[in-house]
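This is the structure I have questions about; it appears just below.
Chain lettering (A, B, C, D, E and F) follows the sequence in which the chains are written, and residue indices restart at 1 in each chain.
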Amino acid sequence: MNPEFTNGVTLMLTGIVVVMAILALLALSIEAVIMVDNWMKARARAKDGFNKEAIPSETRMMEFLSDEEAAAIGLALHEYIEMQYRQAGVLNISGPEASRWSASGRQGIMASRLNVILRGK
Amino acid sequence: MLENFLDNFVKVFSSTGFSAITAPNLLMLAVGCAFIYMAIVKEYEPYELLPIGLGAILINLPLHQMGNFFPVLELNEAGQVVKGFTQNAGLLGLAKEYGLFTYNILPPLIFLGLGAITDFSPLIANPKMLLLGGAAQVGVFVAFFGSMLMGFDLNDSAAISIIGGADGPTTIYINAILAPERLGITAVTAYSYMGLVAIIQPPIIRLLTSKKERMMKMEQLRPVSKRTKILFPIVIMIISILFIPMSAPLISMFMIGNVFRESGVVDRLSRTSANELLNIVTIFLMLCIGITLEGNAVCNWETIKILSLGLVAFAAGTAGGILFAKVMNLFTKNKVNPIIGAAGVSAVPMAARVAQEIAHHEDPENHILMHAMGPNVAGVIGSAIVAGYFLSILAK
Amino acid sequence: MLENFLDNFVKVFSSTGFSAITAPNLLMLAVGCAFIYMAIVKEYEPYELLPIGLGAILINLPLHQMGNFFPVLELNEAGQVVKGFTQNAGLLGLAKEYGLFTYNILPPLIFLGLGAITDFSPLIANPKMLLLGGAAQVGVFVAFFGSMLMGFDLNDSAAISIIGGADGPTTIYINAILAPERLGITAVTAYSYMGLVAIIQPPIIRLLTSKKERMMKMEQLRPVSKRTKILFPIVIMIISILFIPMSAPLISMFMIGNVFRESGVVDRLSRTSANELLNIVTIFLMLCIGITLEGNAVCNWETIKILSLGLVAFAAGTAGGILFAKVMNLFTKNKVNPIIGAAGVSAVPMAARVAQEIAHHEDPENHILMHAMGPNVAGVIGSAIVAGYFLSILAK
Amino acid sequence: MLENFLDNFVKVFSSTGFSAITAPNLLMLAVGCAFIYMAIVKEYEPYELLPIGLGAILINLPLHQMGNFFPVLELNEAGQVVKGFTQNAGLLGLAKEYGLFTYNILPPLIFLGLGAITDFSPLIANPKMLLLGGAAQVGVFVAFFGSMLMGFDLNDSAAISIIGGADGPTTIYINAILAPERLGITAVTAYSYMGLVAIIQPPIIRLLTSKKERMMKMEQLRPVSKRTKILFPIVIMIISILFIPMSAPLISMFMIGNVFRESGVVDRLSRTSANELLNIVTIFLMLCIGITLEGNAVCNWETIKILSLGLVAFAAGTAGGILFAKVMNLFTKNKVNPIIGAAGVSAVPMAARVAQEIAHHEDPENHILMHAMGPNVAGVIGSAIVAGYFLSILAK
Amino acid sequence: MNPEFTNGVTLMLTGIVVVMAILALLALSIEAVIMVDNWMKARARAKDGFNKEAIPSETRMMEFLSDEEAAAIGLALHEYIEMQYRQAGVLNISGPEASRWSASGRQGIMASRLNVILRGK
Amino acid sequence: MNPEFTNGVTLMLTGIVVVMAILALLALSIEAVIMVDNWMKARARAKDGFNKEAIPSETRMMEFLSDEEAAAIGLALHEYIEMQYRQAGVLNISGPEASRWSASGRQGIMASRLNVILRGK
């Protein structure tokens, strides 16, 4: 066997090992990230009394709604939030944050999530 | 005066393309038309094959300068400049030279856009899918071995074998460095087989799996938080580049695009990366690939060899993914349907759809598309790392 | 200290533009403002004349570097490099140098976008309209003859006469090669007359046609299939470039853009070519044209000659189209309204609208707009072929 | 063979980033993550700090070529070319070199886009606001003085002090010329303090104004006609560039963008300048700034000095604007609320919002946002003129 | 007459001839393309029993419809197609092709064309 | 004091003076532009009998209207214009200008401005 060929074979084998090792390390890192994320969620839950992160994400909810529906729901819920939720005092939403919510119905979806929580309590 | 007139006619007709056109040009004109047909009528990878076909037609019409590039400098052996700039360069020749051969910036730009349209959730929800994406890279290494057997040297073998990664921009990136003279053929081979993945993969999947395996259902993926989605690309970027610095051009732009997307605070950058910038770069990259297909350069036996090595690479990658999934099932609790291993070759998202269709055909209640997307995008990361590995070892 | 302070003042004031401004600069500042007025108030070709006017104002304010470009290399007679890169180049100087003079890539990019917004159906439905588009090129050749009579050499004559093609990017493309020092004036002349086509053409049309001719109705165009629309640009590209390879930069990009549009499978590429890419290139191309209008360079008798030759070219082109239509009517069954021959000068779509308005004025029931679009777009192809012809014969 | 295999492993591991990473790199990786945190969680200037943070992470991962650039030419002392082009350049290294250091075209392009999104009406309605925008430039000159006291030379002092202009692209533009090695730090300092303007300004405003002053109401701005809005940018461009030609790259593009916007006849150019072009340039400019933050280059005392000088500049600019407003009130009939002087530092539109919030807090019926926008945009013009002034005096 | 001038005149005359010749050739080629196209349509008609190509094109129909109207028509017609047209067995529409049709009302316009054909028979 | 430092101080002071002077000049130029503008408006008013320019600008009116509202108002007012305003003969609106107005409701806002004038008369 010529040396170039031997070289190529070892290069190939090293490659498989190296690539699999790095991908395995990446997989472990992601698991670590998820663990940290879960721990932060648990801490937030312990602190706030409910789990904000567990709610289906905006994106997922949006899939089932048209923009108009989202806007309508969002605006309605923003009123609900303004009246009831802030009394509940769970979150301190005010000033620019509150107006940002009402600005766009799409962001009102976020409000609807909180609503779900409140009612679920 | 009449003499002048006739002289002029002769001058015009001797400057037509008819005097210079060759049989390989004619063949490649036909191939260009075939690509356009496949793109428009069959809708096989139209965003790649249509502009590639148009570029191929253009470059096989002789005597124009659209594909030309003359170096900024021409030096004599004393290091003295013999010639400076020249007007005699064409738009696509410039794009090819600066975008690929000299600076190789078009593939990373494509990856920025791909990052901005890729949803890594299915992979984050099940990180071990990364291993399936890695296992499918075995196709690359098998093709590498095959290339060496066929007499290609190390650089050429690496450049050819990356076809098995089933990622256009990765293939183009590494070929522009290691084997620029063969860039067109390898890129076109990769895109063609990606277009044909629904024909190449099913028999291999059926051969390597039992009906019972193909009918396996997988449980719902766990939900992925926004925080994880933002951290994922950053972590992948840091670790991959720390280990394989040469993977930076592809991995970093891919992951930066994905942070733009997932952060939710730079919507304008994310949209522009995913749309206008990606579209503009696609136009030029694909036309450039097209103009590398000049008949007299590509009509030779090597092209046939590359076409067969590419097919071997796709088949071996598919097999590698499936077999690794079966091995993984021996050691893990949450078994995976081995079909999704085949999606590890990338060819995003066609290979994942192939997996879905086969599983769905065996059991109409079985939907594994989202599960198959995990190894599918993992394969992109895997191939970019393989490319970085080759470049660390081989590039000058 | 006070001395220092005063010194500084002197330094600042000696670096102001007042020390360097000349009468031609002031004249061109007024011309720049006039272009802006025409663009905004009269809406004559605003996409060209507004940025050209702004560029003209900018370049006639002295002593800044926005329009500068110093070559990458300065060589001494021994071929040794005396100086390398310099910071002292400006954004628009670079765009002009690389985009036009050195590489001449902006005009083909414009043509890519134009291809993606052009509907060739009216021409495909009635291919003999191509001949009307050709006949209007007679204006170019008449102006060529006139330029020679006025003492311009062959290259200059070709560069000036192409104004008669009434296509901005074609004019710019050929001038950047054959007569770069005169690029600004020829381009501006072309765009100005295109903006004034509704004033230039009607008297000529009325002179050369009878009322009866102007009232001729034309039958409904035959429908054009999608297949034909896709094949059209491919066929035009292959034949034109085979015969006149030098027409490739303009024709190929024009036709590639049109295939993107008509194929229906690469919507993203088609949209981007027709919008963002076209807009970005327009901004820079037109600002570049503007900065070629430096007062001291353009205020001379040659400019007056070019303005008159341009007018002759437009008039002769209009006449050529009309007369050829009348000749054609002698030999064909389906007679055409000779007015549409005037649309063959290009100036898309204004010349076609002029034809429509005149016919409509004679007979409110007569609508020839779609018929006039045939020679109108044919004129673009015709001028690009004329440009290629000039370059084959004349370019070094 | 096994030996070979081990050799290969050694080769791979010696090419990983671990061998080359340093403590400053690790520090800057943390800083990069902190920028990303500020951008995403705190939403401080996300369009700048997110890509800057990503670029900073990328460049502090060692041994890859993404940030590299090797000059087109390497010359020996005899002026002979030793080396020509090299593949060993990276996408972002190229963008940094050509976009900033060699040609410095990215900042003017950003200004084109900013012009297309800026509404000058509040300034046109009350032109003396230009003086408030000028007075806030005192921060620049105070920081200039401070830099000299700290031992920086003239060029460096000018480059650092422009941070007080609170305009990212202006800071980047002048630093790329006068102090390229420090570009990253000055740009990042400017953007960071701009993100923190709501924290820096209020105490200074409260210190320098009485409650009665802060409660002053201002009368409704006079309406501005379309004609004035179009003439404004043209007049500003002509006068500024006549007096300070070196301000042309920033002022001209800013004003050209604004004419596109206000003319109403080139909607496509205006939209593209304000969207796609601005977004594309932002992506590359900010990633380029990020990759100038290489740990070993920026971790030193100078950085601490620059951070403190920047803070001084912001504070002095705020004070300058307020005090000048109070002085101006002594001489004019229509008194201004002195808070709006603070908006003269630019940091568009945050500083104007700060002014609004403070006034609104004192008297919920008082709305001075639109009045504060006047000095706010005037500050952008002011800083560009200061930059031009520095370059006239200092640049080689 | 100086030679440059003579040269110019011949150049001009050659130019006119060359350009007209090429444009005439292009016109003939387009006619040829149209003939081929017509022949293919005729063959398709002979094979399928109707002329798919002769129907007004999608684009032209779309001009008269808003997006909402197109969507509504398209969805309704897709149902019709699914039920009736496939029984007629003229075209074999199924799987991804069928779902692509229903995916967007705009593509349903294509269905409406087929509908026109069916009823016209 | 070293000369570099002195140099710097004078540079700084010159800078402040130069920049303020230029900005003051710019402010004066803008005032001049506004004066010219006002003069042109006055001339137009003298000529046309009313002040077109004094009307709140399109943009400002648009802030209070949604696109749909603007469209509705614009179209309604365009009819009004077509019927009444042109009879008044104050402006000679016709042909392409008139159709451009009706083309988009947004441009109809311009019509609404004229309406305000008419009624105010």
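One rule holds for everything that comes next: contacts are C-beta pairs under 8 Å (C-beta built on N, C-alpha and C of every residue); 3 or more make two chains touch, one makes a residue touch a chain.
Computed from a predicted structure; not experimentally measured.
Visitor: Go through the assembly and pull out the chains touching chain A as well as chain F.
Guide: D
Visitor: Among the other chains, which touch chain E and chain F together?
Guide: Looking at chain F and chain E together, the chains touching each of them are C.
Visitor: Given the two chain pairs C-F and C-E, which is bridged by the higher number of C-beta pairs in contact?
Guide: C-E
Visitor: Report back the single chain whose CA centre is most distant from the CA centre of chain C.
Guide: The chain farthest from chain C, judged by C-alpha centres, is A.
Visitor: Let me spell it out: compute each chain's centre from its C-alpha atoms, then which one is farthest from chain D's centre?
Guide: Looking at centroid distances, E is the chain farthest away.
Visitor: Just give me the whole-number Å value for how far the CA centre of chain B lies from that of chain E.
Guide: Distance between chain centres: 32 Å.
Visitor: Can you compute the centre-to-centre distance for chain B and chain F, using the mean CA position of each chain? Integer Å is fine.
Guide: Taking the average C-alpha coordinate of chain B and of chain F, the gap between them is 53 Å.
Visitor: Can you list the chain C residues in contact with two or more other chains?
Guide: Those would be 8, 12, 72-73, 80-81, 243-244, 276, 389, 393.
Visitor: Which residues of chain F are in contact with two or more other chains?
Guide: In chain F, the residues touching two or more other chains are 7, 9, 11, 18.
Visitor: Once the touch criterion is applied, which pairs of chains come out as touching?
Guide: Chain pairs that touch: A-B, A-D, B-C, B-D, B-E, C-D, C-E, C-F, D-F.
Visitor: Which of the residues in chain C end up touching chain F in this complex?
Guide: Within the complex, chain C contacts chain F at residues 1, 4-5, 7-9, 12.
Visitor: Please output the residues of chain B touching chain C within their complex, sorted ascending.
Guide: Against chain C, chain B makes touches at 8, 11-12, 15-18, 21, 29, 33, 36, 39-40, 43, 46-47, 50-51, 54, 57-58, 61-66, 72-73, 76, 80-82, 84-85, 87, 89-91, 94, 275-276, 278-280, 282-283, 287.
Visitor: Help me check something: in the complex, which residues belonging to chain B touch chain A?
Guide: Chain B residues touching chain A: 123-124, 127-128, 130-131, 133-135, 137-138, 141, 144-145, 148, 153-154, 157, 223, 225-228, 231-232, 235-236, 239-240, 243-244, 378, 381-382, 385-386, 389-390, 393.
Visitor: Taking the complex as given, what residues does chain A use to touch chain B?
Guide: It comes out as residues 4-5, 7-9, 11-12, 15-16, 18-20, 22-31, 33-34, 37, 40-41, 53-54, 56-57.
Visitor: In their complex, what parts of chain E are in touch with chain B?
Guide: Touching chain B: residues 6-7, 9-11, 13-14, 17-18 of chain E.
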